[in-house]
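Dropping the structure in here first, questions after.
We just call them A, B and C in the order they show up, numbering each chain from 1.
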Amino acid sequence: MPKPNEKQLQMILEDMVVARTQAGRLWNLQRQGQVGTIAPIDGHEAAIVGAVHALETESDWVLPQYREPLGLRKYGPEVLDTFMLYNLGHPAGGHIPEPVKVAPSQISLGASIPHAVGLAWGMSLKDESGVVLVFFGDGASSEGDFYEAGNLAGVLKAPVIFLCINNQWAISTPTHLQTAADSFASKAEAFGIPGLTVDGNDPASVYEAVSEARNRATSGKGPTLIEATVYRLGAHTTADDPTRYVPSEDLSDAQKKDPVHTLIHEMKERNLWSDAKQSEVETAALERIDEAFEKAKNTPLSANSLMDHCFTSDTERQSRQRSFLMHSIGESNE
Amino acid sequence: MSEKVSELSMLEAINETLHSEMARDERIVVLGEDVGRNGGVFRATEGLIEKFGENRVVDTPISEAAIAGSAVGLAMAGLVPVAEIQFLGFSYQAMHQIAGQIARLRYRTQSRFEPQITIRAPFGGGVRTPELHSDSLEAQFANIPGLKIVLPATASDAKGLLTSAIRDPDPVLFLEPLRGYRGIRDLVPDEEHAIPLGEANLVKKGDDIVIISWSYQVELSKRVAESLEEDGVSVAVLDLRSIVPLDVEALTQIVAHCGRAVVVQEAPETGGFASEIIATINDECFWSLEAPVARVSGFDVPYPVGMLENLYVPDEARIRAAVLKTMEEE
Amino acid sequence: MAFEFRLPDIGEGLEDAEIVSWYVSPGDVVERDQALLEVLTDKASSELPSPVAGTVLELSGQEGERIKVGDVLIQIEEANSNSDQKTSTEKTSKKIDKAEIEETDTPSEDKNNFISVAPKVKASPATRKLARELAVDISIISGTGPSGRITNEDIHSAVETANEVTDSTSTTAEPITDVEKSSLVQGERSGLGYMKSGEHKIKGVRGVIAKNMSASWSEIPHIHSLDEVDASLLIDFRNRLKKVTHQSASKITPLSIVAAATVRALKKYPMMNGHIVGNPAEKVMIPPFVNLGIAVASDSGLLVPVINEVDNLDIFELAEKISGLVELAREQKIKAQQMQGATFTVTNYGSLGGALGASYNLQRSGWHSWSW
């Protein structure tokens, strides 16, 4: 199995620390009333960053659910810039520019899974070399879309990687109320595809599993379902109070396995990380998210964008409504 | 100039269009249940798999959500999916993908992704199908911004509109009347034939009253109009062809000209698209009306079983009665 | 200027939050993102971090107090004062002045509620359009269609009738002298009764009068009865009343005596105070009071001031009111509300001479014409 080398592990840890640091700032921005609802990444960093580092950004697509964007640093600064627009509620927050192969957040649980299958299938029809990795959670695996798409992908042998991040909680519903199956990975059997469970707190394991799945996909052997087990260390979202339902002893056990702290400790022991490096990365991460946030706040917003991009051009009815809108706020719709 | 035409059924016209469009644009992929080896349960896709192969004509599992959902991915990959939902009543299983994903894709990604997707689905009553095969759901889709809804009433229009639907960069729901597949035959141009979406067709001129309709009900409306002509009533018939986009100008012109109008739909009365038409008339040409605009609709019940079907689906007698009643209004 | 940190909506649609505990006090220096306080919302308890670095000036709530989303929590003097951000949340909702709403009420309308039962004119939009194009007022036409609906035919015949009237007027008019002709052409003569041939829009008060009078002809059943009475007793009565010691004694006129007598007659025969509703007639509405209209000639035309609930007035009060309103009407200072709601109207043609003069002005009521 292909393992990440030391250099790669350093890059993975850096991205994980950046994600954790920026998540803290983002949480505070929400608590200060400066951005909308956020789904914190805390506890998912290793699974997300480890998986992404096994992909080729030039050829491979990532279709996130909504918790992942801070972990997609490898795909370029456009991801964070767009994500901050998204958090502000700016329409441009849905448009990650070309050629970045990352789709915007998907709020409908599991709805991107059939998209991933179609995209992977389309890429193979066009003889393109890449794969599609789609993120979803343990809760989303109960949606019909997961089963329909998994089944279709198996039949088509589409080059797709289903990455189910099992963080033990679907808001407040624990996994044993989500499924009676032994594991989420075991559902692969119904699709006739391989399924495996990996330790999602260990980025190297996730990296290896995704690399393996990628090799299968690109060699025409079809999709793989990977379950990465983690523990959600934060709230479901900024609107959630997990103390109502997460047993505190479970949480403190999970905190001992915190993927970021664990890897920092391990890398320091191997002399691949230092406190100085840590502090340098954190400072840069905060500067970077502040910069992205300022840029987002300064992105112009026209009332016209309420009407733009529904169709390629307005219907007669829409253009009447657009005129009404612009007239009602006293602007011309040029 | 005379262009060559052939008399075809609507089904043959659709099949011919799929053949010619697939030959023209190799990005087109046809997917759906039984569309390949079987050529479609109505034979709409007959011969495609033989000509274009299994990669481009794909028999999918029985998975409406995956058909619609994977069409999104195919479009993201730069292909042009032409998906078939075997009966429109089963689009409910795909509704979250059609309404929540396909229709919003362009808007929510600010055109990063372009949903050039056509979804074909047969619908409509009068052929004694099992449950959920006949429902007219067009108004439900019309309430979903981002989706175009095209409903041909003739074989020739089926070719012209399907051609434009497939080529349209926006998602199009293309609804084919079950009763018209073999029941409607007319002259179809042999050559390439594309009718712009959003242009209604005044299929019959008239001065006293206009019947406004779409899909198979246009056929019935024409018959009523012709029979009333013998009674000295000059009845126009407007075929909307698409309800999104709606040809407001053509609608307004003919209603203002006649001053009286009847809207015919097969769907249940409450919340049907006929109501939207009447609201549009109210907005655009209320002062030209000489009588309240009437609606002929199905009833506000689920589409019934076979023995009750004839009571449910609007027929010529019901349309005729509505026209005459509207003519009597002062 | 101090930075005001207002309570944000941190939980998707919260209204308020309880301050659980403050972590800072006035005078404390705080860093950006440093926790300032803990709040308890309906959904969760949360620490709120400071959006800015600076010195705490003032806390706006006590522990245990509930504070609304959008209200100021804390004021901080910013360390870096070049920030242009003044508040975290703008409160923009505009309070609507209650008085503003109440002012639009017109309480006087309540008494005249019975007027509103009068049916709307029935005509299709197309007929209304035709009527507008031909400058025909559909409210003065009686419909020949189903349930009295006005048809296109009715509009056309109204135009024809109007034309006939114009024609007959011109043929029966006296020969116009050359001088008159030239002045007519130049449009210089504008006295009463003179008009150029052709169509004229009737505007303003005269338009209203014309409309009402036309409607009166079609909507009010007409009965004409002419009696001559010896009024010497009435005059004598007036002269005696004038000598009574009363502040309004001087206002007594023959008209006020006739008005008072009319009111008494109407109380005795309430049907005469009623009016017919519906076209064709559906029912008779009998109001529980008498609102008496008094026709007054003014420079802008016939005006009918109305004295409300005249049945509660004695003859002096009535005379006083008539005098006041007539004065207002003549000076054209009368308001529209003072000319609404008559149940019965009295006019006095006597000053114009002649035995009988009857003009009918629709007030959703009967019209009594009295001449002497």
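Here, a contact is a pair of C-beta atoms (placed from the backbone, for glycine too) under 8 Å apart; a residue touches a chain by one contact, two chains touch by 3 or more.
Values in this document were obtained by computation on a predicted structure and should not be read as measured data.
*Asks:* Taking each chain's centre as the mean of its C-alpha atoms, give the chain farthest from chain B.
*Replies:* Comparing chain centres, C lies farthest from chain B.
*Asks:* Of the chains present, which has its C-alpha mean closest to the combined C-alpha mean?
*Replies:* So the chain sitting closest to the middle is B.
*Asks:* State the pair of chains with the top count of C-beta pairs in contact.
*Replies:* Top-ranked chain pair by contact count is A-B.
*Asks:* Find the geometric centre of each of chain B and chain C from their Cα atoms only, then give the gap between the two centres in Å, rounded to an integer.
*Replies:* 51
*Asks:* If you average the Cα atoms of chain A and of chain C to get two centres, how far apart are those centres in Å?
*Replies:* 64
*Asks:* Take the average of all CA coordinates in chain A, do the same for chain B, and state the distance between these two points in whole angstrom.
*Replies:* Computed value for the inter-centroid distance: 39 Å.
*Asks:* Find every residue in chain C that makes contact with two or more other chains and list them.
*Replies:* Within chain C, no residue touches at least two other chains.
*Asks:* If you look only at chain C, which of its residues touch chain A in the complex?
*Replies:* Residue positions touching the partner: 5-12, 33, 43-51, 88-89.
*Asks:* Which of the residues in chain A end up touching chain B in this complex?
*Replies:* Interface residues on the chain A side: 91-92, 94-98, 103-104, 108, 111, 113-123, 125-126, 128, 132, 144-145, 148-149, 151-152, 155-156, 308-312, 315-317.
*Asks:* Touching residues of chain C toward chain B in the complex: what are they?
*Replies:* Where chain C meets chain B, its residues are 124-129, 145-146, 149, 151-152.
*Asks:* Over in the complex, which chain B residues touch chain C? Could you list them?
*Replies:* Per the touch definition, chain B meets chain C at residues 259, 286-291, 329-330.
*Asks:* Give every residue of chain B touching chain A within the complex, in rising order.
*Replies:* Listed in rising order, the residues are 29, 55-56, 58, 60-61, 63, 65-66, 68-79, 81, 93, 96-97, 100-101, 106-113, 145-146, 148, 169-170, 198, 244-249.
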